[in-house]
Every structure is written in C-alpha cells, then in structure tokens.
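Residue numbering begins at 1 within each chain, and the chains themselves are lettered A, B and C in the order written.
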Amino acid sequence: MEARPRTSVAGPAAPGRKKSPYPSWFYLPAAIVYAVLFLVPTVTSFYFSLTRWSIFDSQFIGFDNYVTFFREPALVSGLWHTVVYAVITSGLKVVLGLGLAVLLTSQIIGRGYLRSVVFFPVLVSTIGVGLTFTILMDPEEGLINESLSLIGIQGPGWLTDPSYALVSVALVDVWKGVGLATLIYIAGIVSIPQEYFEAARVDGATAWQNFRRIVLPLARPATFTVILLSLIGGLRSFDLIWAMTRGGPGFTSDVIASVIYKQYQAGFYGLSTAGNVVLFLLVTAIIFPLSRFLNSKEVDL
Amino acid sequence: MTRSRIALAVLSAATLALGACSAGSLGSSDDESGGGKVTLSFLTDNQPETVKMAEGLAKDFTAKNPDITINVETRPQGTEGDNIVKTRLSTGDMTDLFMYNSGSLMQALAPQKNLTALDDFAGQLDDNFKKSVGSDGKIYGVPFGNYMAGAILYNKDVYDKNGLKVPTTWDEFQANNAKLKAAGVDPVIQTYGETWTSQLFILGDYHNVEAANPGWADQYTKNQAKYATTPAAKAGFDHLQQVHDAGYVNKDFASAKLTDGLNKLAKGQGAQYPILSAMLSQLIADNPGTENKIGLFAIPGSDAAKNGLTVWAPNGLYIPSSTTGDKLEAAKKFAGFVASPDGCASMGKASQPSGPYAVTGCKLPDSVPQAVKDMQTYIDKQGASSLALEFLSPVKGPALEQICVEVGSGIRKADAAAKLYDEDVKKQAQQLGLEGW
Amino acid sequence: MTAAVEVRRKPRKNVTLSIVAILLSIVVFVVPFVFILLTAVKSRQEASRLDFSWPTQFQFVQNFVDVVQARDYMLIIAFINSTILTVASVAIMVVLAAMVAFVLQRRRTRWTGLVNFLVLSGLIIPPAVVPTIWVLQKLGLFRTMPGLILVEVAFGLSFCILLFRAFIATIPRELDEAAIIDGAGPMRLFFRVILPLLRSVIITIVVVQSVTVFNDFVNPLYLLPGDQNATVQLTLYNFSSSYSTQYNLLFMDILLITIPPLIMFLFFNKRIVAGMTAGAIKG
C-alpha cells in the first residue's frame, strides 16, 4: 500500500546500463538512520561511561563509574534478578506457548476465539497492563486475592512481598507475551507437512508419540526463535517492571534496566551509561553464544 | 536512475516534513501571538494541590494583566520530575517559568548558568527562603507555596479517646503506640505505595540530629560525619525498624498510597502519620470538616528538652535563562505577583495554606487548621525548629526512599541501611565533584 | 496440559477439552479486560472498591467526557501525536527495511556479512538512551517529532529486515530475471515487482511495529518531553498518579488506549498468522 504512489514516479528507469539489479545503495537510507541514531550512541556510550557526565559537562574519570557500579548492592542483585526474570519469562513462554499452540492447532471448539484471546494481550499497552495488574494484585482489595479467599486461600502480597514481587511481574510478562510465542509455534506446527502425521497414523502412533516424534523436533526452529526473542526481551525488560513495582519493595525487583534508569533519573549520566555498557555486555555474552549454539543444532537436524 | 533516486529522496523528505509540521502545529498554538500579548508556559509538578495553586495564580494574574496569559503544564513528581527539569534546562527548552524544589535540588540545577537572578524581589522574602534559593550572593527564585514541616500528623479525637498526651521523646511515643495498638487502632500509618512517603522518620528527624550534634550538616558535606557512625543520625533508621518490628504499622502499609494514608488518619483508623505538613491541604480537601481534628507534633528524639521541628522551605518559582525579551519581562512581572501578598492570597484561595508564608506581608488567615497552629508554635519558640538537611547541605543520596522502604518492611536492618545510605550519598557527592569525597 | 497434546487431524472434536480450554481462557484472559471495562463505567466511589461487580449505575458518558477533557483535552492531542508518530515511523521503516532485505537476500557482496551482523546487533543491543539524546541535540532534533520518528525507525529496522529477508527468500529469482529482461531497473524491479508480492508480510510488520511504536513509553518520555508533545502512553502514565483515587477515570483511559490496537487486531487477526508463518520461523 506504501508502494503505489512511488512506483508511478519511479516509473521508467534508465535501461541498458550494466549495473546489478540489486544495487548496494539500497542500503544507504536505512544505513544512515541506523548509523546516526543507533551506532553512534552505542559507540559513544563506551566513552561516556568513562566520564562524570553531569547534565552540563563531562569530565574523563577512567573506570571509576564501573567501580561505583559494582560496589552498588542494588546492581549486583539487579544482575541476578535480570537473569532470573529472563529465564522465568523465556522458559514459561516456551512451555506454555508450545502447549497452547498444540492445543490451538488441534480439533477444538472455539479455536478462532481462543487464538484471538491468547494473542490479544500482545497488542495492549504495557503500561496499561501493568497498571491493571497492579490493581488486580493488590494484597488486600485486589481481585486475585479476593477470589482466592473465596476458596479459602490467603493470597500473598504479590507485588509487596519481597520474595514474590519479581516473580509476579514475570508472570504478568508471560501473560502479556505468551500470545506471540504461541503464534510463532502455531506457524511452525502448521508448516509441518501433513504426510508426517498421515504416516504416523498408519503406524498407529498415539497423540503423545506424535508430539514427541514429529511436533517437538520439527518445531525446533520455532523454539529457537521463541527462546531468543523472549530472552532478549527479558534481559532488557523495563516498562512492565517500572509500571508495576519500580524495582520495589526496596530493591527486590530491580533489574539492570531499572537500575540504569534510576541512575539516569538521579542525573548520574556517566554512571547510567556505564550501566548501559554492562547490560550490553551481559546481553551479548548470553545471546551471541546461545544463538550460535542453537543455529549449529539446527544444522544437525 | 537518477530521477528515481531523487523521487525517493523527495518522498522521504515529504514524509519527514509532514511529521515535522504536524507535530509543531499540534502544540496548543501558543507560538507568537502578536499584538503585545504574551503567552507564558509554566511547568509544575502534577500533585493536585500544586496544580490548583498554579492555575489559581495564572488566572488571578491574567485578570490583572490581560495581556499576559499563562499556560500551566505538569510533570511527574519525585526523581522522574527532577530529571525532566534538568534535561529541559540543559537543552535550553525549559518552559518560560517553572516550579521546583528549593535547597539542594535547586543548587544541582547550576543556577548561575541556567536561571535568571531575581534579586529585585529579595526585599520581600524571608532569610531562610533566600538562603535556600541563593547562590553566590544572588537569589534565583520566589516562594511557591508555604513553609512545611516534616512531622507527625495525628488524629486528636483518637488521642483524646485513649487519654494520650503529645510525646516529646521516642520512648513516650512508643508507649503511646503500645496503648493505641491495644485499643485496636493502627498506631503509625505508612504508605509505601508511594515510596517517598517512607523517608519522614529520617528526614523529619534532622532537628534532633542537629540538636545532638551542632554543625553536623557541615561535617556531613565535608565527608566527616556519617549516618552509620552518628548515633543521633542513625536513630531515624532505628525508629523506622522499631515501628515495623513492633507491628505498629497499618496492615496494608506495603501497598497503601498517600491518599489512603491521609484518609485513614482523617477517619481515625490510624492515629499518627509521619508526613510533610503540606499534605494537610489534600487531607482537608478530601475529608471536609477535619480542619481541627488533625494536630501536628515534631518527630520525637531522645531528649525532650531539645526536641523540635524540622522545616522545609517552600518550593521556588524560577525563570530559566532561556526566557528572554518580552517573555522575560512578563515572567518577572508574574514572579513579582507571586512574591506579593496578592500572590499569597491567590494561592491560599486555591488550596488550604498549610504553613507560614515566606513573603513579607503575607499573613495566614485566622482560621488556619489546627496542625498549622501547632507548627507555628514550634516556629515561634526560639531554637525549636531547624531547616531540613537538604537546605543545609547539597549532599543527598537518590536511593533513600528505597532504603527506607526496605527498613520499614523488615527487608533490611537499620544498621545495614545506614551504611548503605552512606554509600549512596558518597556516589552522589562524587558525581557533584565535592571536595573530600 | 498433557491432554492438550492432541494433534491428530480428525474431524471429531474433543468437547471436554474445548470446554476446559474456553473456561480457563475466560478466567485468565477475558476477566482482566472485563474488569477494565466494568471499572471504566463505574462511579468514583464504586470503582474505588476494586470489585469485580456489575456497576449499579453506568457513567460511561460522564467518565469519557471527564477523561477527554482532563488537562485541556490532552488526550486528544496525545492521540493525534501518537498517530503521526506511528504512521510516519512505520511507513519509513517498512520501505527502508524492505530495500535492505531485498538486496541483502539477493546479492552477496563484501557488505553482506557486515550488514547481517549489524542487523542482528540492532535486535540484541539495548539502546543507550542518554547518548541518543546527546546525538539528537547535536542534530537539533531533540524534542521534535521528526527526531523521535527517526529514532523509532532506527530501533525497529532490524526486526523488519529479518522478517522481510526470510519472506523474500521464498520469492523465486526467476521473477526478478523476467522483470530485468523486460528492461526494469532496480527501482522498478523493487517497487513494482517485489514490494507488491510482500503484501502479507508487510501487513504483519505494519501491525506488529505500529503496536510497538504506539505502545512505546520510554522513548517518548525522554526524547519528546512536554505536555503538548505527550503521546498516549505518557498521558496514561501521568494520569496514573493524579488519578490515584479515581480508578474509574484511570480505567477509562486504559480502555480508550486499548481501542486502536483492538481495531488493528480485528482487521488483521488472520493475516498476522499468515505473515508469521512465512516469515518468523527462519528468521
């Protein structure tokens, strides 16, 4: 729909020139935007992380920011929380996403409705979801604990109890994001050629065998996509945590992204940027080897 | 090929231009309104009472000066708002006028560079306020709002019913709490749904710290005194822990918000609420008829004779150096209005005044709420009040509220918390480039 | 969930399983939205109880008007701003990303490796907010709509390129060759022949990215401060503190902000799945 008006202008191109039909300058417009607004900030962040950068000027101070950062107890626990959060969300999205996808590709009544209802939260504003669940999870008056008390369970302070806060936010993240994982799995399952299932039926395979022998191995690329996407999202996650707990109570649900943000708010720009570099290193240290490993697995198949 | 390349360039440029012009014209079209009329933008925080005062001032000022219109914009409170203010100042696109804290937060804005001096109005302001918006002998702000206290608001009915007396030492306070708890009332209200409210036991205790260690603020600024190693300073953290450990706080302390806390106090479900006295306006606005039911006392320390009130200077109204020409003239005129008895009257009309004014000639109405009278008693008595630490030292760690929530929720012990806060403070002092850190 | 592992394509439907699934879906996914809806139409007192109950009186119009009028119709301005931001950045993103993906998939040059690396980096590396502000300031684009649009484009490119590349791989090269023999230059080949074939994946990308940009919160907060510039997510965030006692208005706001994605969803639900099937797996 974008292309229509352009084509008419671009119409008759000069013919006959011996140039590749795939010119490198096609990269150019994207490259400029990307380089200026993504690469330059990323590269300069390494320099700025070595400065004391108040809002008004910057002064080179070597690795002091990193020293400060690693002395900050909130950061050390924040590192750990980040990994926990990413693993919980990613793991649950894989398991639930696969289960839901299998369910939603099977013969089931109301399949269209179910697919829609599972996917819809993906599209809703993170802030809106965060605010809504903060209220649903209110320890005294929230809907969740009131419902639990009807069946005689005393619900915990989901967001106010230090040992639950991080996990509660992670669960909401899964609630919101599992639709995307499911969608990716559905796509993977649908693209499995029917012949496999036919052959299995001839062999008298059970549903479980079908799942183990056909769906699981052939949906592996989908699993890799889900793992990578949800890990990247989980490690960088910020919006939802900020909308729900702001890292609290105390520092018990602080992740690196929220620590960075707090330093930023306090006006410690150099320090905040150092945090950014730490996050950058953490993410690359996890994702690049993992994606290599997963890709090599894929070839093995 | 060249032609098509140009076509693409034109198209992308057009898309950009579209974005640009629409975004611009969307502003409430207050650009240059010509004809001698000036429109000023005015940034305040989004606390409902602040917004009421700002809008009241804007309206009353325009009624007197029909050529000048003032549009009030809001920003979030707390550190998030601080950052917005700093970012906008540094990039030169601050509003024409803005409201912001006085004291250490204001000093962090680099006033000489970023603000316009307002010495013309110095004669109308009281000394404590001038100190808190002054830098290098100049003053940069006029008072927006009233003096306030970091103290304990208490429900007088509940106190009377249980036969309690206002405590002057921490032990008396704890004895009162024990009786209140036995009577089935929540003795102390805490509201960590809004984290800043957790800090009062520490910040509001500063008069007691200063009374026990005269000159503490100076030593603190020079990195010679620490929270963890000064017993009187650490007491704030201890108190917070004791109140939690004894089970004196309301059950929903972890999720309750400021509004919940104020309502609990007004309704007598809770007896005492350590909070900034300025929150009184909201309490009365939300619970009509409570003006005289709520009293105030200073946070008790170890020595009854030295007990006194910790006072916050009013917020300031500032003009950034990016405001020039006609707008600067108009903005100064507005600042003059705010720093005059008319301005005080306008603010008092919009929101219940909750403490003394910092402008000479401004008087509180006779019918002030009981808590404000209580506050006045401390201020009138020699040596029974001091300014809060943030007006005496530029050093203030950004993580105090989270640390206080931890102590008040039993996650961290007072000793560890005081040490952690000292680290936090160190970080901030280093960032400010202070000597001796 | 073991019962859920039912893959056989038999016409017979599993009724028990269906009922369980539908009931669960209602509790887990539908109730929160109904809660938003119910609270949004309640009176202030009733909403403050946070119950899941039928409103005794409906205040839909009243609440709607209150929210829209709040702070000088800020919500309307915010909706216009968000629409401009979303439409412009997604349009630019789609065209630029398709161009890159097209050349990237079709032709191996010394650039290919680098471009692939950068695309992957763009997906993985967390953007550095403060230095971005610094760059925008130097360019004079800080606190302007074009600045924010370009930032959204820069951050969204990688994802789009990956999806496009995977999809373009499924388009036979013979088509290109036929077009080239007919005398088409690169521009015509791309815009006339390839781009129309990308329709289904374009729809997926448009839906996914417009939702991402529309729901983006952090970038507008820092790159476009100021009330007149607010986007809808910012209004929601700002309202959340001033509405701390007016849950009916807060939820009305959430409700209004959920409507654009809902419309997107109702129109494109099926196509999203179609586009993903072709694109995401190999990405």
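Please note the rule applied: a contact is a pair of C-beta atoms (placed from the backbone, for glycine too) under 8 Å apart; a residue touches a chain by one contact, two chains touch by 3 or more.
The model shown is predicted, which means the values in this text are computed figures rather than measured ones.
With chains reduced to the mean position of their C-alpha atoms, the one farthest from chain A is B. C-beta contact counts were set side by side for A-B and B-C; A-B has more. The distance from the centre of chain A to the centre of chain C, each centre being the mean of the chain's C-alpha atoms, comes to 14 Å. Mean C-alpha position of chain A lies 37 Å from that of chain B. Mean C-alpha positions place chain B and chain C at a centre distance of 38 Å.
Chain C has residues 91-92, 185-188, 237 in contact with two or more other chains. Residues of chain A found to touch two or more other chains are 6, 10, 13-14, 17, 29, 138, 264. The set of chain B residues that touch two or more partner chains comprises 1, 4-5, 8, 12, 87.
Within the complex formed with chain B, the chain C residues making contact are 71-72, 77, 80-81, 84-85, 88, 91-92, 133, 137, 142-146, 149, 185-188, 222, 225-229, 237-238, 241-242, 244-245.
Those residues of chain A that touch chain C in the complex are listed here as 1-3, 6-7, 10-15, 17, 19-24, 26-27, 29-31, 33-34, 36-42, 44-45, 48, 53, 99-100, 102-103, 105-110, 113-128, 131-133, 135-136, 138, 141-143, 146, 175, 183-184, 186-191, 194, 197, 201, 207-208, 210-211, 214-215, 221-222, 225, 232, 235-236, 238-239, 243, 257, 264, 269, 272-273, 276, 279-280, 283-284, 287-288, 291. The touching residues of chain A, counted against chain B in their complex, run 5-6, 9-10, 13-14, 17, 25, 29, 52, 54-56, 59, 64, 68, 71-74, 138-140, 157, 159-162, 246-252, 262, 264-268, 270-271. Chain B contributes residues 1, 4-5, 8, 12, 15-16, 18-20, 22-24, 26-28, 46-48, 51, 73-77, 84, 87-88, 91, 93, 257-259, 286 to its touches with chain C in the complex. Partner chain A is touched in their complex by these residues of chain C: 1-2, 4-15, 17-19, 21-22, 25, 28-33, 35-36, 49-52, 91-92, 94-97, 99-100, 102-104, 106-107, 109, 111, 115, 118, 120, 122-132, 134-136, 139, 150-151, 153-155, 157, 161, 176, 180, 183-192, 195-196, 202, 211, 214-215, 217-218, 232-233, 236-237, 240, 247, 250-251, 254, 257-258, 261-262, 264-265, 269, 272-273, 276-277, 280-283.
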